[in-house]
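Read from first to last, the chains carry the letters A, B, C and D; within each, the first residue is number 1.
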Amino acid sequence: MSRLYATFKYTLISVWAGFVVGPFMWAVLTSFKDANGVQGGATYLPWVQYEPTLTGWQNIFGGAGGVDVVRPFLNSAVITLVASIISLALGALAAYGLSRYRFKIGFIANSDIIFFFVSQRIMPPVVLVVPFFFLLQWANLLDTIPGLVIVTVALLLPIAVWVMVDFFNGIPRQIDEMAMLDGCGPFGAFVRAILPNSVPGLTVAAMFCAVFGWNDFFFAFRLTFTEIQTLPQAVVALNSSIPPWWTLSAAALFGMSPLILLAVWVERYLSKGSLPGVIR
Amino acid sequence: MNRKQLTKSLAVPVAVLAITVAGCSGSSGPEQKPDKPALFKPGSEISYAKYGKDYPTTKVKDVPGPCSYESISRKDYSGQTLKIISHAVPVIGEPTQLHARQFEEITGAKVEVVNVPFGELHQKILTPLQAGQPAYDVMFYPSLWIGDMAPYLVPVPKEYLDAPGMKDVTKAYLGVATWNGKVVQYPVDGDRHYLKIRTDVLADRKHQAAYLAATGKQLRAPQTWAEYQEIASFFGGKDVDGDGKPNFGSAEVTKRDDLVFSAFISRAAPYVKHPDVTGGVFFDVTTMQPLINTPGFVRALEDMVKAKSTWPAGGANFGLGDEIFSFGGGQALMSYSWDDAFIQAQQTDSRIRNRVAAAPLPGSAEVYNRNTRTWDKIQNQAPYFTWGWTSAVAKTARNQKMAFDYLCFFSNEANTALDLTIGRFGVNPYRNAHFDPGFWQAQGWSKDVATAYVNTLSGMEKSTNRVFDLRVPGVNEYMSSLANGVAAALAGQQTPQQALDAVAKEWTEITDRVGKDRVQEAYRNVVALEDNS
Amino acid sequence: MDGLRRHKSMFLLPGLLTLLLIIVFPLLFTIRVSFSGWNVSNPEMDFVGGANYVKVLQDSRFWAANLRLVLLAGGTVLIQYLIGFGLALLVWRNVRARRLWRVLFLVPMMTTPVVMAAVWQMIFHESLGPVNDMLAKLGIAPVHWFTEAGPALAALMTVEIWQWTPFMFLLMLAGLLSLPKEPFLAAAIDGAGAWRTFWKVTFPLMAPVSVSAIIIRLIEASKLSDTVYVLTSGGPGSATESPGYYLYLRGLKEQQTGYAGSLSLTYLVLMVITLTIVAALLARAFKVPRQSSKAKEQ
Amino acid sequence: MTLDATDLSLTVDGVDHLKDVTASFQPGRLHTVIGRTLAGKSTLLRVLAGLQRVDSGSLTRHGADFLTTPVWRRDTAMVYQQFINYPHLTVFDNVAFPLKRAGVARDEIRRRVQESLARVGLTEFRRRRPSQLSGGQQQRVALARALVRGAGILLLDEPFANLDYKLREQLREEFKTLFSDQGDAVVIYTTTEPAEAMMLGDVVLVMHEGRIIQTGPPGEVYDRPATTTVARIINDPPMNIFTGRIAGGRIAVDDLQVTRVPAHLADLPDGTYQFGLRAPDIALASAGLQAEVTFVEISGSETFVHLALSGTGFVVQIDGVHDIALGDRVSMRLRPERLFAFDHSGALVRSPSSGPGSPEGR
């Protein structure tokens, strides 16, 4: 590797890293400002250009001027977790069926069923939200965690199926056959022989589920009233005509913290080499 | 253990379980607990200081009455939940949260508050109401939605109407809260648009002389929109207040999905509200023909497009918050909208405290007469009573008494006195008591500033040539359509005439969709207020 | 495993039925409501025939938004692909602090779009944000990020690229890491340079991953609305409205449920057709062999 | 205790994978199925295992219908050509897997697994994962797992095909006794290699294009291939087949006299026949038929020389490594006493092992 190329390479990497980090840095800076730190124009250096305060952070942890984020955080965590588990379970089962068996219902074949699953992602959320409202009202599940879990499953299931079909296609089917020859029923073969070998695939699917579940704002916002608030809602509740940018920044940083840990976790799998085969 | 004892010991948990289940199912209805001893003595000192250093240390006295700290703290609402929807934090959202916390502290109730951005509030409130879903007990929303909300609201009970605080609400704002003869909204805010100027520039001798030399005119608070434009252009882009940063002539709310429609109506009011013409400003109330594309409105939009040159960077996409920061932060020299920017400028830590003044909205030298289809050359003023925040209790509320107690507590004299001084709360004068310069001087305002402020506000109350919001069912659609038209013209996508013609066409469609009779009936109420009949 | 046909539904049905149960009612509801005049003032399921669809055809704002989406989604996804692939190549191997870069490059994808858009709004703020401030320090006049159509689109695309390049990066990096070593050895033995190796070995091997990554991103990008909602609210005028945001305006903000229903269905049909064609074209452009049905028979 | 297949047929997309396959597999015997790639061998095993349905035909076990018996109740073990093991389990757990499923007691499992691992020589690797083993070792694990439970049917689908030549021979030797030592089990072993089929099998089934075209003990199949196709399949290199005429005590290809008529063909009437001759039965000589070298393969201790003789191709196997260039003209000599004679349809008429006057029957 020539020195010129190395310089070029590290320059590019650094530029992009700067672009990635910039917004976070700005959010961090802003979270320690107050109205006076924001009004005059852009300031960068704490103590020098503005007097740092903890107001923003106090406001999200029970300060009267903000919105409490702890309960929404827990709500988001529960909804994301439960919906992800259900989606992964149902999605992995369906994906396994689609990977191993041929389905033919009229003119509908496997690829059409897979397309049906994936096509749910094409559906703009706006289409679904009004009928979902009536659906959940009918089931008496508006403003409840189970209601949101059901809706979130509809969002996540297609992702789980998409990732897992590809993954199972990559596992030799002789393994399930052998398990059945060894005395497992079809379900046993799936559970005992395939699932234990699907950890990388499930990891990727779980990551996508977590990202899309955690970050859903649209449905949570419209299908809840006062009891259940999710984290994105808590942040958006600060988007007033006079946005308290410091509180908004603190809430934003707090809200994204768990998923940043997720990025670290995914990278570990990448580096260990367990994931690469999964995402093809 | 004999059999009897056994039965007994089993029965107790079963009974407990049954009670719990009944409690959970909510079918038992609100239980009214007897009063408890008051936590406050009459006339105790009230301060928000303990809630954080964001709050002023000002202390006020609890004013005796049914809504006072003392009276409300007698109520025992323990074990009950009050569900509230309000605007995003901080505007009206923060006082909602704050008073909810206080209400919890003194009554034992559990209060759940959800804060929603402005653009979402309407559907977030209306969807469950229409679906019959008991989502919220108390709702805070812009008062102009009364036409959509009224069917789902509980009229304010007499005992609250008779409270001294309510009796003191000005006639105009009680009118705003009334629908078909019943007070269905609980007034918590009184809003209007007025002009805000920087006196350290506009009343400065040096600047006045320079202005006179350049234009041959006196520099003063602009009396017409043409004058506003002239002054704004003259000072625009220069550092005239000596803070090292350029100043700009005007800051206005121009963002489409924010409140641009209100700003536009303020600009249009003197062109379209002819003192001698009755029967509606937005529609001809007899035919329900939209008037939004008549020459008066078109001229106002042309003015607004011209004014772009006097706005600061980003001024063509200012939300209310931007406008507040721009004027309140000392960047823009003039502004017109709600009180917030003015209060922001008057905050204790503000650079431009007491260097500002309030004045009536600019008028015009001529006004369009839609009966004669001519421009009449008369000096015209037309204050715009644009919407303010209001609150109401839903018919589906489980404990209406608790809900009204919360609202009456929210707006009790002590709370309101404190709320009025916190700019970001968005709570503005709506009681006669607030129109007293002494009240504001007590907050550290200079006498001139306080007097001009109070005179401006009460002058609006006294005017007979006023414009009110289009308080009809579907108002959001009308205003959204208007905002689209104004935004298209400001963005240069269409000429003002084209844009407003399109709006007029959409308005006709909306009227047909909502039902001409319903809109007309509602609009008659507005016109009656305007025509002072 | 056709010998086991009796058992196969056991796998597919739970997931399929769950999704069908959740989706069918909303879909039927939307179809039905699109033929009604349901709106905020008259929330009733009446029947107005195809009136809504006639209106859709004449709704120039809707069609303009669709055209804009071609630029917004197509443009950003293409840039995301190029940058994502480039970054993946850069940190694929032989790079110091590799894991740090990788985590860093993944992070934006994990953040909530509405929340990040609010942060970006502060950053692009025309008078209080750091971007214009830094431009000013470089002697460049302030850019009207949210008040001129061009800059507003640029801001929107910047945010989209920031948020979703990591997705491409992840898929491309995983693809690269799973490549067989032999073709590279062969290329090295043939004495192929880096450039030639890339075009003759890496790129063709990455074609299938590329196509599927681009398609998935296109699907997701076509729904663009959260970011528009917070960042520009579709402005100035209607210059940055995406179909998703326009649907939201009509359907939820103005609550013209019936009309929004017909807009939604029109949009859905458009998207399915477009994406199908795009998928076919991409596969041809990347010379990916047409994949046969996934369930192979032995 | 037999496994009987009758008229099994399977067509997929117009291609016959199995066509009227009828065979009876006996307990305690090792059946080798030989055929080229895609001859239907794997399909047959998969049908027997229950992994593949058929279009028609029947399959019975102990006289009872076996087609409707699900895979997991067929008491069948299988070893694949690919080294298939459970990647997530250790070697020990891999081998123990079928025993656990069968509900065998713990101690018993340990005993049998250890014994099994010892037999394949993997005791020291029992804690490793399959991915940490070499190909040969992985296949030993698969074998151990197949053998450990003493299944009633043992199917081996070209188990050594993916191993290198040396290892293949070694394993084949090692396991010869193991396969044939399965008690009452029906053992079926598929292969493409004639030597393997002959060496291991008690019974050899020759498959071609979905059909079983000959069944019999190895010696019989080897000595008397029923058709030219069989003759090609069961010899490596495939038996040289050429068309010639018997006339006047001489055999001629086109106009070229190639050899005299040997004794065992002496009573055949004059006419056109197809003749078969194994590669080792042709020698290069200093004088004889002139042929042109078209290809030379050197395989260890042998050299295969491909020759063209007036349009007919021959493969000659000679010992040792020889330096022969393409395009050389060489002389070759056929050993007439090793000639097979087939009629024009390819059916065997005479083989070297049958005396004069004893027509071949099937």
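In this section, a residue touches a chain if its C-beta (ideal position, glycine included) is under 8 Å from a C-beta of that chain, and two chains touch if they have at least 3 such contacts.
By chain, with names taken from UniProt: A = Carbohydrate ABC transporter permease; C = Sugar ABC transporter permease; D = ABC transporter ATP-binding protein.
Note that the structure is predicted; figures quoted are calculated from it, not measured.
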item: Steps needed, at minimum, to go from subunit B to subunit D via contacts; value: 2
item: Pair of chains joined by more contacts [C-beta pairs], A-C or A-D; value: A-C
item: Chain whose Cα centroid lies at the greatest distance from that of subunit A; value: D
item: Inter-chain centre distance, subunit A versus subunit D - centres from mean C-alpha coordinates, in Å; value: 55
item: Averaged-CA centre spacing for the pair subunit C and subunit A, given as whole angstrom; value: 15
item: Between subunit C and subunit B, distance of the C-alpha-averaged centres to the nearest whole Å; value: 39
item: Chain centre separation in whole Å, for subunit B relative to subunit A (CA means); value: 38
item: Contacts with two or more other chains, residues of subunit D listed in rising order; value: 51, 70-71
item: Multi-chain contact sites of subunit A, meaning residues that touch two or more partners; value: 38-39, 41, 134, 177, 180, 185, 222, 236, 239, 243
item: Touching two or more other chains - residue numbers and ranges from subunit B; value: 120, 123, 127, 258, 325
item: Residue numbers on subunit C that touch subunit B, as the complex places them; value: 37, 39-43, 125-128, 132, 142, 144-147, 149, 232-239, 249, 252-256
item: Complex interface listing, subunit C residues touching subunit A; value: 1-2, 4-5, 7-12, 14-16, 18-19, 22-23, 25-27, 29-30, 33, 83, 86-87, 90-91, 94-95, 98-99, 101-116, 118-120, 122-123, 127-130, 132-134, 162, 170-171, 173-178, 208-209, 212, 216, 219-220, 222-223, 225-226, 230, 243-244, 247-248, 251-252, 257, 260-261, 264-265, 267-268, 271-272, 275, 293-295, 297-298
item: Subunit B residues within the subunit A interface of the complex; value: 48, 51-55, 83-85, 87-91, 93-94, 97-98, 101, 112-118, 120, 123-124, 127-128, 131, 133, 135-136, 245, 258-259, 319-321, 324-325, 328-329, 340, 349, 424
item: Touch list for subunit A against partner subunit C, complex; value: 1, 9, 12-13, 16-17, 19-24, 26-27, 30, 38-39, 41-42, 44, 90-91, 93-103, 109-111, 113-114, 116-132, 134-135, 150-151, 153-154, 157-158, 161-162, 165, 169, 173, 176-177, 180, 185-187, 190, 211, 214-215, 217-218, 222, 231-232, 235-236, 239, 243, 245, 248-249, 251-252, 255-256, 259-260, 262-264, 266-267, 270-271, 273, 275-280
item: Subunit B - residues contacting subunit C, complex; value: 119-120, 122-123, 126-127, 130, 148, 255-258, 312-317, 325-326, 331, 473-474, 476-477, 480, 484, 487-488, 490-493, 513-515, 518
